[in-house]
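Please see the structure below; I have some questions.
First chain written, first letter: the chains are A, B, C, D, E and F, and each begins at residue 1.
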């Protein structure tokens, strides 16, 4: 099993959700994040003074999947999130040792979906 | 357990009507008396004592303050009912409108709306404000108010029309195009339309009755709102695959503050429209106004409870405004029972209207068209039904005349702006929010907000 | 470094008292004069000029607006002092109450409270509002206000009693049960109780003095709040394993807005209770009212600084309300120094009262019982101590009579609702918040909020 | 596409000026008349009718309410323009100041400011408030207001000076030191300075004109704000490596609410400063006040649009206040066109002033020094330029005299506090926020807020 | 060492904290999350229009533990969070390579507790 | 590749960002968190009642790095975040199996920076 964590542009969340659904990946968790990457931040002005906004708003998605779903999930995220502009984000994949469904106590492959 | 609940609303709805019917007759009389008192107050031109002049003017100044605070009410309601990412933009528009409204009203609006003797359709008494060389404060309006109070009270009304538009076109209109539209609409269209009735024009000659502006102010704003929404189109994500998706407002306490301030302001809007402090006239108007507002709340609250299954706060608050808009045309000439009925019906109308506009994909984030246009029309017609000495067909004529004039002008303005400067922000800006896009600022810096809705 | 801090509060507390004592005697006289002026204003029935009638009525209308805005004040305070997940529910209740209050007051409340000649305990002048056939505005109340102003001013008061309850039972009461309770309490219990004193009933005959309603309004609401809390029980998670756990309010700016609006409203609540624009009477009352509010802030701020080690904003704000409630009974008959002392003591009382109610597990999220009941009683008794021509035992009688009547009625109503419709939301709904449970809506859509507190 | 935008602001800026120029002459006269009316109203000491007395007093009471609500305005603006982590602290300060201001004004301020006959520099009529044994309400001020209204109206002004300081020193000052400063400044410095002009002192003898307090109130607060900021130093993270970093305010709707309430309050601040309900005088003042505010919004909005490329809401709102402060000194003696010009220039000044103070590392989170001090000075001098019967050099003398007196006293007080109790919170507390540090409370409990800015 | 990440119903946080404390697990980190799982979301209505709330509020808990604590931690979470209804949530376990206490620089097993 | 997750005091975020930049680590993601650790929480008082604040505000940082950057990153975080007082926080390191740049589809070592 793998845990896929992706940072995407907030305005792309709906599109990513849609493409995940199309790929029959129905489970995910979302958190708010601030990100700092290649997109170096932009400058704003408030009351004449400069704001260096280099922590940009991002959305963080976590999806735990069985190994055969890793590639489809990555493809779906890319499909929904890519605009080709800097700031599109990153996908990170880590090994998932165990997964438990709290309601039933099921473990592993059965629990994940 | 659920069954009694289905009855409850109906029972509650019936309750306030009971007990009023038996006394309705007596109140009809009271309304007549009050109407007479208002009439007298307005028409009386006999010389008055300086004391009377002073108290009249004091009342009109207080009313001016109350109408002023309605702008804060609008700003609060509109920003609260939209998303956090567009808040700065809405607040900015509402602040700018007050300034633009007052300044253009001083520049030309006042003298367009009250041109003195004129052909009944269009007149202009010149730029700037100036009471003239032979100005005598006490004689200016029969001792009811000074020239300056007259200007300021009317000036505070002026900006309202544009503010109504602001809410309907929120979350997608370009700032500069909106400001240009507002300046022109408030400086020219509103006062010309106003002159037909309040300036002593052709409609007033016909016997049209619009006490404080269900039509002259609210529907004038409402028609422009409708035109704006039609030219702009709905917000992204509102109508997806043929289904309507809710885009919830971000700050309900702010909406509530706004609605209470608007009710408060309406005391001056209607109370001040008596145009003197006449005790019987003003206080009667305040009672009809308040009861209509209360009835509007009750009706919309119960209607939404029945229709949407859960009582919707934003609907209850819209219902309050609906009742207020509804009573505005006839607050001085309808009976107590009629005022309650007008409010109740307005409260019911507004709920169905909001839902209906969504059905036909007219996306009005704050319900401005339902509240100000639909209930403005309702109130004007209702005055034709229940108002002492009012005529339904004349009321209808007025409604239609204003509709044609305002809708065409507003549509033309928006359309011209669309093909020249553009009126809609780019899609990306709309998704990220106009606060960042137009102002480079956030309304709630530091707060964690999901802006992807 | 810490030691001087321990002194500071005491010194500051002493400060405002200095300098007043020497002048107290002179002020006693001033208070007497003012009281006399108020008395005169109220009783004077001689024909007045139309100018006087108009200014009196204008003042009463302004006071009505101010009392109206208190409802927004209550809505703000109550929602700010509770959790974000229950905000829509509280705003809804407060909006509904205003509507229900006004409509039921028009339906029956006004005529229950002011039945004309009656047995002193219960009278009813019929359904609906109607000044009658031989109504002469200027003669109606000796030229102090018109019939309509009378109704509206009193009507705005009426809903207050229910609003007070709203805060105390917040975050756990079922919406429909609360609305039914409020409608009945405001439509029937409040006006009957009110008739005993302001309607010219038995207590007024005894010489009871409750100028603007420390007892008639605030304790009437407070007793019902107490009854409601007793029947409902505390919020989940408030008293755990014998220890009291704080459940902090979610929006302090909202609370502050609310308290300032309440103070503003009190100018009309007390100032309007002079029942005419009499210059000396009204302005004296405004001064005692303001100084008591200021003293209440100072005292509660310092008390909380000493007792809780850190100065608690919510306590300072409660102290303001405590001072206002405290002065309400005697604003017209106490001296300037007495008004400050009443406010100071109210501010101290409220802090200890809030803590004490928590100790005995009476869970009142906004401190309504401490502010309105405890300080309402305090103010009524204080009037017996310092008020010109007031009698302590009569004041006590009044306090007890209202206590018995209101507590029993409120307790019975809540109890009946509990065994029929139920008054408490299910545990799961309470944990998730009533906004989702009762209204299917969030107050702050998009904001990230920890709702698990 | 971008080019026309560069023109737009300039065109808009020019617009309101057109049309006023031709009528300016007529208005000059109007201003003269109005000034005369105000003059008359103030000086008239002839016996007036009780009706006139009552309406005058009613107006003054309404003005008092409006000035009162300015305190809520200040609290809202200041907390909205700072960070969420310091909100409770700011609200607490503003609440405490009202209480302290009123109580100390009753204790000694009123009698320091209006000592009766005195040497023109310093006088004191004794502790406490007491109209005296032979007090006749109607004769007290020629029938313009009662003793009590006089006290309360002036008392509401008093606290304003300290509130202005509050915003400038926000987010870093120790609570107790600030409270001690405020108490002393409001109780002693403000009334003594005030006595020079409004108390009939040496400046008033010289013919200085400061209608409602551009200098007496706003610059008095502004000088102290400047002194406080100089002694305190800037907030951590504001000036880093020689560059200025923005620290955005956390709640723009709150700022907007505050500014609209301040404008509302200014109707009483200026309107009430006519010191009677004189119809022509008061209403003229309201018009100049409103137009200056509107012009201030327009000018600052366009200036910030040009200078900062994007229209800055906080600047537009500051511009509104700038216009209001600017017109305060001469609202009664300048023409309509002059009032608009004063407002426009104030709106331009405020933007550059905010930026300039940042350049020289004077960190004023809310722009209080720019709004109240800079525009206060501007307004006082502008009165010397355009005011009927005003003298520029005398105005300048007044500005300088107040500057020297207030700055020295405030600086000395802050400096003494710094070396005794300390005036700045520890660095760690500043980073975590004063809400936790000073009050052990959060303003928005449950909300997820990034407090690391 | 393992890193245990759990998504639970917000209203269960206090109960989970309690059962973790009972199991002598004193350290944890909490973030707000939105989740989409078997609990398919519910429909609400705002101004007559439908809101499809399919991102439900969840609380995300992270606990880093030594291997012998994995099972007790899982048991404690389940004890506190289980209501038996859909939406109870999931527990994910991943391998933790290293753990460092910032204050002292301690590493590994000592740092975790 | 490794994924480094650190919980630090909110007021230290700027300092940590600075020391990461100094160490030429430019990419990171930040989320808000509440933490419960050795720093046992403190007691506050609200309206006379006690608040046991045992979930303290923390900031959660995630940084994905190539293996040779692990130690410099840890050092930089410690440099910026250490005050020596309880509550300074923890750093957790987990194995990162894959990393994808959404914009370009690049994978692995190239994608991470």
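What we mean here is this: contacts are C-beta pairs under 8 Å (C-beta built on N, C-alpha and C of every residue); 3 or more make two chains touch, one makes a residue touch a chain.
Every value quoted in this text rests on a predicted model; they were computed, and no experiment measured them.
**Q** If we look at chain A and chain D, which chains touch each of them?
**A** Neighbours common to chain A and chain D are B, F.
**Q** Suppose you hop from chain B to any chain it touches, then on again the same way; how many hops at least until you reach chain F?
**A** Shortest path length, in steps: 2.
**Q** Pick out whichever of the two, D-F or C-F, is joined by more C-beta pairs in contact.
**A** Of C-F and D-F, more C-beta pairs in contact link C-F.
**Q** Distance from the CA centroid of chain A to that of chain E, rounded to the nearest Å?
**A** Using C-alpha averages as centres, the distance is 18 Å.
**Q** Determine the centre-to-centre distance between chain C and chain E, using the mean Cα coordinates as centres, and give it in whole Å.
**A** The separation of the two C-alpha centroids amounts to 45 Å.
**Q** Between chain B and chain E, what's the gap in Å when you average each chain's C-alpha atoms?
**A** So the centre of chain B lies 50 Å away from the centre of chain E.
**Q** Send over the residues of chain E in touch with two or more other chains.
**A** Residues 31-32, 34, 44-46, 94-95.
**Q** Find every residue in chain D that makes contact with two or more other chains and list them.
**A** Correct list: 49, 51, 55-56, 58, 62, 248, 251, 257, 308-310, 312, 314, 440-441, 444, 447-451.
**Q** Applying that definition of touch, give me each pair of chains that meets it.
**A** Pairs flagged as touching, ordered by label: A-B, A-D, A-E, A-F, B-C, B-D, B-E, C-D, C-E, C-F, D-F, E-F.
**Q** Quick one: in the complex, what on chain A touches chain F?
**A** 2, 6-8, 31-38, 55, 58, 60, 74, 77-78, 81-95
**Q** Chain B touches which residues of chain E in the complex?
**A** Those residues of chain E that touch chain B are 32, 34, 44-52.
**Q** Which residues, counting only chain C, touch chain D once they are in their complex?
**A** 4-5, 8, 12, 15-16, 18-20, 22-23, 26-27, 29-30, 33-34, 37, 49, 51-52, 55-56, 58-59, 62, 66, 83-84, 248-253, 256-257, 259-261, 263-264, 267, 271, 277-280, 282-284, 286-287, 290-291, 293-295, 297-298, 301, 308-314, 316-317, 320, 336-337, 340, 444, 447-451, 453
**Q** Which residues of chain E touch chain F in the complex?
**A** So the residues of chain E in touch with chain F come to 3, 17, 26-32, 64, 94-103, 105, 111-112.
**Q** Taking the touch rule as given, give the residues of chain E at its contact with chain C in the complex, in rising order.
**A** Residue positions touching the partner: 10-14, 32, 44-46, 57, 59.
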